[in-house]
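Below you'll find a set of structures to go through.
Okay, so subunit A shows up in both of these, paired with subunit B first and subunit C after.
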Partner chain A sequence: MSEPVESDASLLVVALDINSSAWARSLLTLDSALQQTIIFINAYLALKPENQLVVLASSKRQCKCLYPPENKNFVPEQDIQVYEQFRVVDVCILAGIKEMLMGAEVAAADANRGIEEGQTLISRALSKALCHINRVNESTLSKIWSRILIISAAEDSPREYISLMNSIFAAQKMSVLIDICKVIGGDSVFLQQAADISGGTYLKLDVAGSESLLQTLMFTFLADHYTREILYMPGNEQIDFRATCFCHKRVIDIGYVCSVCLSIFCKMAPVCSTCRTKFSIRLIKPESRSSSASNGQTTRTNSQQALSVSNSASLSQGTLL
Partner chain B sequence: MSSSEEDFKSTIAEYLEALPPQFCRRVFSNPAACLAIFRLLSTVGKQLIMSMLYLETPIKLHDVHQWARHSHLRLLKSKVHQLRKLHILVEEKGMVSLNSIFREQLRNALTGGGDFSSFGVPYRGSDDSSSSSSSRVAAGRLARYADERWETILHFMVGRAADVRPPSDSVRGILKMSKLMEEGADGMRITNRGFQFLLQDSASQVWTVLLQYLRLAEIQDMDVVEVLNFLFQLVSLQLGKSYSAERLTGNQRKMLNELRDFGLVFQDERDPKRFYPTHLIASLTSGSGSSEPAAASATGDGKKDSGGAGDTAVARSKIPGTSVMAKQRFSELLAPSEKGYIVVETNCRVYAYTDSPLHIAILNLFVHLVSRFSNFVTGVLTRTSVRRALSHGITADQMIAFLTTHAHPQMQGNVPVLPITVTDQIRLWEKEKNSLHPSPAHLYREFAQKADFERVFRYAQEINVILWASIEKRQLVVSRQGHPKIVEFIKGLKNQQQQQKQNA
Partner chain C sequence: MPNQTNEPVDEDDYIDIDDTGPEGLKGADGGYAWEEEYKRSWDVIQEDASGSIQSSIMGINDQRKRKRRLRDTAVIRRGIIRHVVLVVDQSENMAARDILPSRIQASLTLLEHFVGEFFDQNPISQLMVVGTKDRLAEKLTDLSGNPMDHIGSLRDKTNRDLAGEPSLQNALELGMHALKRAPTHGSREILCMFGSLTTCDPGDIEQTLEALKAAEVRVSMVHLAAEVHVFKRICTATGGTFAVVVDDDNMKDALFENIPPPPIVNDKATSDMIQMGFSIKANGFDVPTPCVCHHKLSFTGFVCPRCKSKVCSLPTDCDVCGLPLVSAPHLARSYHHLFPEENYKEANADALPVDVSGCFGCGAAWSTVGGSSNIGGIAGSAVSAVQSTAEAVGHSGGSGRFQCPRCRHEFCLECDIFVHETLHNCPGCV
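Showing the complex of A and B:
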């Protein structure tokens, strides 16, 4: 992997969380957050004319690409106040979000089947972003450094854990940074991991305090790969590495790990639901394990552990890192 | 390539640095100018500005230095210094903040407030009611027009004036003023600077011309700020759109007319109320825009769909929307001259697929041309031909950059594009020529005592002015800059010795 140089262009994917029920709980309104995000996006476009941009919006039901617009010949009304390049982006984003919010209100009538109010489809936005980045990388010869910025409002949704983790590792492989700006609520376990694994920055904004979204965006998330090698980035030392179980989608501290496919379960099961491996009952039963071995001996869920018991399929219990 | 570009950018920056603060304040009062200046800065400089753009209170300079990783502190300090020289950053008692006018107007540029017409007033004609087809036709014509004008001037410079119409008086005036050409006995002659100019990419050339224009404006007692603001407005215009000339001031109209002679803007004679920026000026604030189209069109030539690297990037930068149409539209805009046509072999032979007298004339500057066919020229890079070019002040890097940018599509796949043997040979020839460096100096000799000599020698070493020294012969050669200091030092030494004698 080559080093970023100053003249390299970058590709930024901004994923906006527009979950209205999450924003309703915040001091910062969605409206003003949008305005500040758009200024940030304009600033990004001002940095280099070669810079490319993708804007995604994600609500609890759908994830849509707002920019570049689907309609290629989209030409907004003439307005001499604003720099041409900025205006097209701004108009696209605002129109797209308005449309999505209106649509959401209509759809709210049909039952929220299994959808929790305060959760957003972040994994969908991430995979869309990665697809777009991949397409751009394939179609251009010169190096483009890509990163994803998620402006997140909603809580973690455990049912997304698996797809989210897959996206994060894909991003790591493609050397795409994932930056997280958590605007509302508590820390997000999954997104912290996303930023940490991909080498991005995770910041939780204290809106109630004096911090402004715009200043944070400008200060931290505007820097491209090259600048990040020169300037310090605010980091997060304490990262919650907990995982969710595959069976009940709960965030757990201690669980069972399939020695074949490394799936995580909160409860014992005779058969792994992911790879269909049958576990030997002798090993599963707690009393069959020597009490001294399980006593206080914590094992890390890594591949070495899985290899050591590879011959007889077993379900090993240990503290998850 | 990049080095020459840096040069020219820094010269526009230098021009701004040299402006007195009150001028800067007036330049900053225009959002378009702020954005254009912002784009000319380095990446770290841009990040510094953006970090401070929405800070309401000044912060400690010390804190700003803390932003950099330790190994890059020096780089950050130099960028801070540059911003301060441009009057963008203001320091007061160890606290720094952005120039308030600059801050406000850059914010306006990002949010769309402020001066009404700073980004140009789009023309709203009756016949041009947002029909994209009409503007598309104009785009192709625009590119042809711009290249024709620009090449005419370059032609004129290389002295093939017989078959081209001489450019207008104002163009010749600028060429003369910038010392690219000089008045000789038999008309105008190209200078060494002119030769260097010819080998640069078009963006650097345009910057040179615009800078000259600024100097000319100073001489003619035009309002520099007005000229500067208009230039910055021009570089932020959109390619393929027409703008209204009605609201321009007298000086600005005059400028528009003169820039038209250079092919930087286009104006239809039947419709003088509107003007179009051409690709020459619209690509200025996109740093690599100048070099990329050539490379892109060369690589993306055969396979339009996948597109060249720069092709996509540049097309997107100018025409919003990342459609294939935009890409094609841009490749249409590319002048045929910007496609690569030169093949260089490892044995220093050069083949150029061109029939343009301009290209041939430029190649002739440093290639010994052997034979010429209807659309094809062959030549050899020889020691004599390269040395001749070097004596004109053209550097090896410029030659290599020229050959690289205009390399044939088949060469573009190679890494590096040119054979290493050839680039090395050109550099060796340059070194050979530059092996002797004359520099003004002062010789000190006949030191009476060894101790005296050693003290002077050590002092000269400390202030780093020694060019040559011999301890046995007690001789010392120092540079001209160091001379006064050494004289002072020796005087001080003598005084000391006299005092010691008196005391004794």
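Showing the complex of A and C:
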């Protein structure tokens, strides 16, 4: 099946970042952001009756599932003025966030295991979101288009890099889009990569336009897989996939990679500083085997080679870089 | 059943009865598989009290998943950078239709998936495809890191023409010749997909075996028909695996066993620093320019930082200067092989406190994801998929709750499999 059929239901996982120290720094209050997010969620539910929803909230210490509620016995009281499903979702989200914020204040004295103030457990939220999506996929026969929307406030925390990457690749494999709405602060390099690899959209709100969260959510992130093919989505700008070396944290073009642990270095070294492997001395000389090996990999015809060289010449003269 | 032979054989003629393999030739009641009464797959499924077969199917699925649960999680050195030669049997024997639609069709389709998955898991590795038919071995693609080349050659219709006998020796020699030039820090492997019970070789295959051992090439084989002594010996002597396919599902499992990088066992393996280029995506050309890999015109591409030529996809080797081109996420993709997640431990059913909260991963309540042995009826009236299992009744035997030894959070079977096979990080530990 090459083209998604419109009638398919979708599953949206909203991951809310409720890190209080990050929100404290913004013009947009958490309260108003929540209100706008809930309107967006209700709009999503109203689009199609079979649309499914999971809401996660993540702070710097914990990540909880707000909807569907973890406590199945939770029954909010009736109110005939409001559509039943909207009310259940609203009550669940607000009550859950309140509980988490209260809990966070109590536990603030705890040591926070290397996570800085203003950083959030995004990789845990992503992992949990993917677990939810996996369960839904396993338990239904029909295809459900899933996507994850992260409303992010906090900064990247470098120690999450590997786990975040693992989650992103899992999402890519399951063809789950990861949408990012960055509400506060500068661009997040990790989340930009998440959106780019998984095929989602990354959008950073302007500082001045913080009140326009709802508008952004509605116009950009409400569209499902099918609609996105027709729409012209805000494009991801040039994303830097270059690596930083482990030794000096410099961004490098050409680097040296340890064959055992895949650590990246900017210079040749006799011993890998990460895994303590000693490299074979012979290869430290410049006329290393890598050139002979690479020659062996591809046998090219002369015409091909000539074409490649002319290409490269024209490229280097051209518009590049 | 593909591993049955038609001729009757005397007891004395058996020379190599291997009952210790993963499948084992002996059935549950001690007899051989072909002596058993034919099991009808539909007999296993029993209706429950409400006349639904859903619970029965769930039970079977559950048991299958439990089998996959335990994996080797030791932190060992693995050959992350692999050089693999894929040998495809294209002899007349591959036309047999015991695997539908035919052996060759099924193999090639599966190999396409294999190549995709292989490069997904081993992005900085290299692959080469070799076909063998009519007593010859023929190189279909060069050793390279571009999955599209290999998939393209596997899709090529001319590869489906079958002829004559295969030659294992020729294929191994060809593969070995290509692998000899591979650098010593990577692993060298030959993976054969064979359907023939014979091989037509020009010389002594023992000499090839010695040469393979000397070159430290690991030979593995997935055989579609039966175990052949010489094939198995080559595999075991070089440290590879030999698998005989039982049915379609098993075919995929047997082939995909070869996707995670194997541990390095020999002492001669060296470690190097490999020079790699991290190329930048180039947008915004005014005119389309051709890429050096396929000579196709396009507006985007990745530029080799050394020679500034444009390639159309990553990871690959630069066609001009030979520099391996990767992006940082490709390296990150291999990290999970180096640091595998620990297996979860199944908690004892009786000792568990009643817990209102559910699985830490997907949030399903415990009552819904109980043990495999005694799953009761499920009313099919649930509205959403998350809640559809909500009415399944309790558990006995296995508790269906799996605890991570590090973070002490509990997970359901579904999440356990998912975390270890796809996600590769525990939601509780990160």
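Annotations for the structure displayed:
Definition applied: the second predicted complex is superposed on the first by the 234 of 321 C-alpha atoms of A that agree within 3 Å, B and C clash if a C-alpha of one lies under 4 Å from a C-alpha of the other, contacts with A are read in each partner's own complex, and residues count from 1 in each chain.
The criterion applied here is as follows: contacts are C-beta pairs under 8 Å (C-beta built on N, C-alpha and C of every residue); 3 or more make two chains touch, one makes a residue touch a chain.
In this text the structure is predicted, and so the values were computed from the model without any measurement.
Contact with subunit B, but none with subunit C, is seen for A:A43 once the two complexes are overlaid on the shared chain. In the superposed model, A:D224 makes contact with subunit B only, not with subunit C. Of the two partner chains placed by superposition, subunit B and subunit C are both touched by A:T140. Once the two structures are overlaid, the count of subunit A residues touched is higher for C than for its counterpart among subunit B and subunit C. Within the superposed three-chain model, A:P68 lies in touch with subunit B and with subunit C [touch as defined at top].
Contact with neither subunit B nor subunit C is seen for A:G186 once the two complexes are overlaid on the shared chain.
By the touch criterion defined above, A:Q52 lies against subunit B and subunit C together after alignment on the C-alpha atoms of chain A. Touch criterion met: A:H132 reaches subunit C, while subunit B stays clear of it. Note: residues 52, 68, 72-73, 139-140, 144 of subunit A belong to the subunit B contact set and to the subunit C contact set alike, using the contact criterion stated above.
The touching residues of subunit C, counted against subunit A in their complex, run 77, 80-81, 120, 126, 142-144, 178, 181-186, 270-286, 289-292, 295, 303-310, 317, 319-320, 322-324, 327-329, 331-336, 338-339, 356-365, 384-390, 412, 414-415, 418-419, 422-428, 430. Considering their complex, residues 6-7, 9, 39, 42-43, 46-52, 68-69, 72-75, 78-90, 139-142, 144, 212, 214-215, 218-219, 222-224, 226-227, 229-232 of subunit A touch subunit B.
On subunit A, the positions that touch subunit C within their shared complex are 52, 54, 63, 65, 68, 70-73, 121, 123-124, 127-128, 130-132, 134-136, 138-140, 144, 160-163, 165-170, 173-174, 193, 197, 238-244, 252-262, 264-265, 268-269, 272, 277-280, 283-284, 288-300, 304-305, 307-309, 311-312, 314-316, 318-321. Per the touch definition, subunit B reaches subunit A in the complex via residues 2, 32, 35, 38-39, 42-44, 46-47, 50-51, 53-55, 66-69, 72, 75-76, 109-113, 116-117, 119-122, 124, 130, 132, 236, 238, 241, 285-289, 292, 299, 306-310, 312-314, 316-318, 320-323, 325-326.
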